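Two complexes are shown next, each including chain A; its partner changes from chain B in the first to chain C in the second.
Moving on, here comes the complex of A and B:
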């Protein structure tokens, strides 16, 4: 095994174990999206009577929100873990070792991906259990998991970036509402073409979260929609890449400062 | 205990909390941001929902949502003030306060004054934004007086109920125990559509939820067609009565621990 693989493995194991050992991090990230899904799908079921609504089950429509909302919790948990490492001095001690930065970054993100996987599988199972159809079948469900992981990675990197720049868990918590703003100002509650308010539709059109939701939603409601998938994966991928570059740069600065 | 003791303690505690709150953006912003955020997301993103067959509210969807957001701002003004109670106990400030206060019920009275000030500020800010966003109010001055008195009574209920929890647990970790019940009470009501359009378990929950009555009364006041006014006021007064006893029990518990 190469040195890099050993370093990544050790840090990834630590990150995964640490994430899974904190019920306060795992439970809300599963519970709150499911709670919102349950309330939304009952409270807004009558919206399916709007002409042009793509399905007759609001539960099926709203299920995609749980995946993205779960990913937003990943951002919080990634940021908080990194901030804890900085605040506790763990990062300082790592800086004295010959550890490579890329290993540190990949290791930290492993915990997020583990959490993202648990979330995605849970939401899929809940969807199946409560009768949500998956038009794209099993391969589509696997693709939903993949897209969900990519979204978790993107938001996780943003959380890590904020933590590395600020070195403070409070700063990460302070950014959390902004992530929720991104979710609420998207096509979360209605398809974009059914949003009546012009300004809101424009915001939703420019908001990448709309396309992430629509990518997941398309596999559940439509089947194989190449455009929706390309936009979903494209937005999540570009955001993940940009956030990863920003987080790596912040890590470099943080290590130099150390 | 003298009445003068109650008033002077309440005034001192109230002033301290109002001052702390207004001079600390980290405390002002969440209480203001969340209702604004919900108002924007619902009034903008869901406005088409008023076209659903059976949606019977002539004042328009913005007004429909404003009725809920007003209630949310009032309730969360109380909830966030309860967080201050918990923080004061955690920091040890409340132990010193209880030694110095001539009338300890005045401490609760002071927190209630602070909650009232916070809610009044939040409600004013939200009303300005809603008016700019096209809020139409068909109710007359008496209707509006009824509306704002009702929501401020809900604020008192939320603050007293939350303070009861905070004074028993005496730690900031009581936050979820204070916040989650109110979140559920608010969202298990006809938030997005009238009661008749609810389906599933939320419909059943809303039927037993006292906040449903308050919300319907709110919307009636706004539409100039008051409905369920007496039951709404009676239920809120009853809730305040129960939460007063709960808060007094919390104070006794804190006194025993001090």
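Moving on, here comes the complex of A and C:
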């Protein structure tokens, strides 16, 4: 194994271990999406009677929200972990080793992906247990996991960026509600073409979170919808790339060793 | 190694919208020497250490560590040094052994070599029994010892310890001192130690640099520095506290008044300890009965007082107040700004 691979492996292991050892980080990221799913699917079931609603099960429609909401917790988790490393001086300790910056970034992302995988598998199991259909079958379910991981990566990198720029866990916590605003201003509760309010529909049309949700939904409700998948993966991929570049740049500034 | 282990010339660090934290420091540390960098909070000790360990580029001046330029040859400097910076930088969710394994891996020690090195160092700092416990449950002393072990993983020639015993109980402090002495004595490691504790500098350091407001105000062996001041102080406590005013008047004839117990009169003897008998005779002549009389040899605090006009402890309190004013969040954001700048 190359030196870089060894460094990435060591930091990924640390990132995964420390994430899994923080129940306060793992449990809410599973529990809150499931609570919202439970509330939405029981309270908004009558929405399925709207003409043009794509399914007769609101649970199946709302299940996608859990994947994206869970991924939003990645931003908090990644940001808090990075901020803790800065505040405690652990980042300086790492900076004094022959560590390459790219290894540090990749190692941190491994923790995000581990949490994202736990979330995606949990929500798939819950969906399956409560009778949600997966029109695209097992390959579709695997694609849902992949898309969820990409969304987790995107939001995780945003969290890491905020932490690296500010060096503060409080700043990360302060930004966290904005992610939820983005979720609520999307096609979370209704398909975009059924949103009556013009301004809300316009915001949802421009909101990349809408397309992430619709990508996951398409695999559950429609089957193989190339456009929805392209938009879902495209939005998540572009956001992940931009956030990764921004976080890497912030890391370069933060880890200013000569 | 014939050249200096650490050499700085005109080292300066300015922060944006901030003070000149380090203001033209010149210092030379010989190989195998324990150099104590003594000063109050906010004097510029940690900023100097950050520059010497390549974590912060200097604004001006040059520094060479282990023969390498800290700006041009950062990786070579880092390979030669170990550092335990202020506040043990540990992950509370990892065990001591996991910290050691991460550190050995990042320093290129793999498999059995890394495991053996980790165990040997944990044994050496007395943490082998606690090695598999999460660090969040460690005491302050245990964290500091683990911090030291982590700094030693790659067998550095030069060790930077930034206030290694701040907040430790006396027993932990003594244990750490012994380890530092062992490192310097048996293994010839050069130690650059910052501290705000006079006793620590006195016990550990071969030479001491006293820093205040970013400048070195005195440098030498503790004995030389104290010898330069040369004058002991006498502290006299009257049997009857009503005599304290008269006693101060008598003692004022023998030297300038210095800080001491509020129940006693304390002066630095202008003529040295030979004056002690004269002091006793003068008090006797005034019929002032003594409860206690003590002669204090000069300390590094006296050196600090002589060089800056303030006592080190008083300066520390002032600096803490200044820090609070400049860092309203109280979260060290000034330090964070320094790292990010």
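Keep in mind that, in the parts below, the second predicted complex is superposed on the first by the 256 of 258 C-alpha atoms of A that agree within 3 Å, B and C clash if a C-alpha of one lies under 4 Å from a C-alpha of the other, contacts with A are read in each partner's own complex, and residues count from 1 in each chain.
Simple rule for what comes next: contacts are C-beta pairs under 8 Å (C-beta built on N, C-alpha and C of every residue); 3 or more make two chains touch, one makes a residue touch a chain.
Only a predicted model underlies this, so the values are computations on that prediction, with no experimental measurement involved.
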A:223 contacts which: chain B (first), chain C (second), both, neither? neither
Using the superposition on chain A described above, determine whether A:256 touches chain B (first), chain C (second), both, or neither. second
Of the two partner chains, chain B (first) and chain C (second), which one does A:137 touch, if any: first, second, both, or neither? neither
Which part of chain A faces chain C closely enough to touch in the complex? 3, 6-7, 9-11, 14, 17-18, 21-22, 85-90, 92-99, 167-168, 253-254, 256-258
Report the residues of chain C in contact with chain A in the complex, numbered from low to high. 53-57, 70-72, 74-75, 77-79, 81, 83, 85-87, 89-91, 93-94, 98, 101-103, 105-108, 110, 134, 150, 331-333, 336, 339-341
Quick check: in the complex, which residue numbers of chain B touch chain A? 26, 30, 33-34, 37-38, 40-49, 51-55, 187-188, 190-193, 197-203
Chain B partner contacts - residues on chain A that touch it in the complex: 38-39, 41-47, 49-50, 174, 177, 180-181, 184-185, 188-190, 194-197, 199-200, 203-204
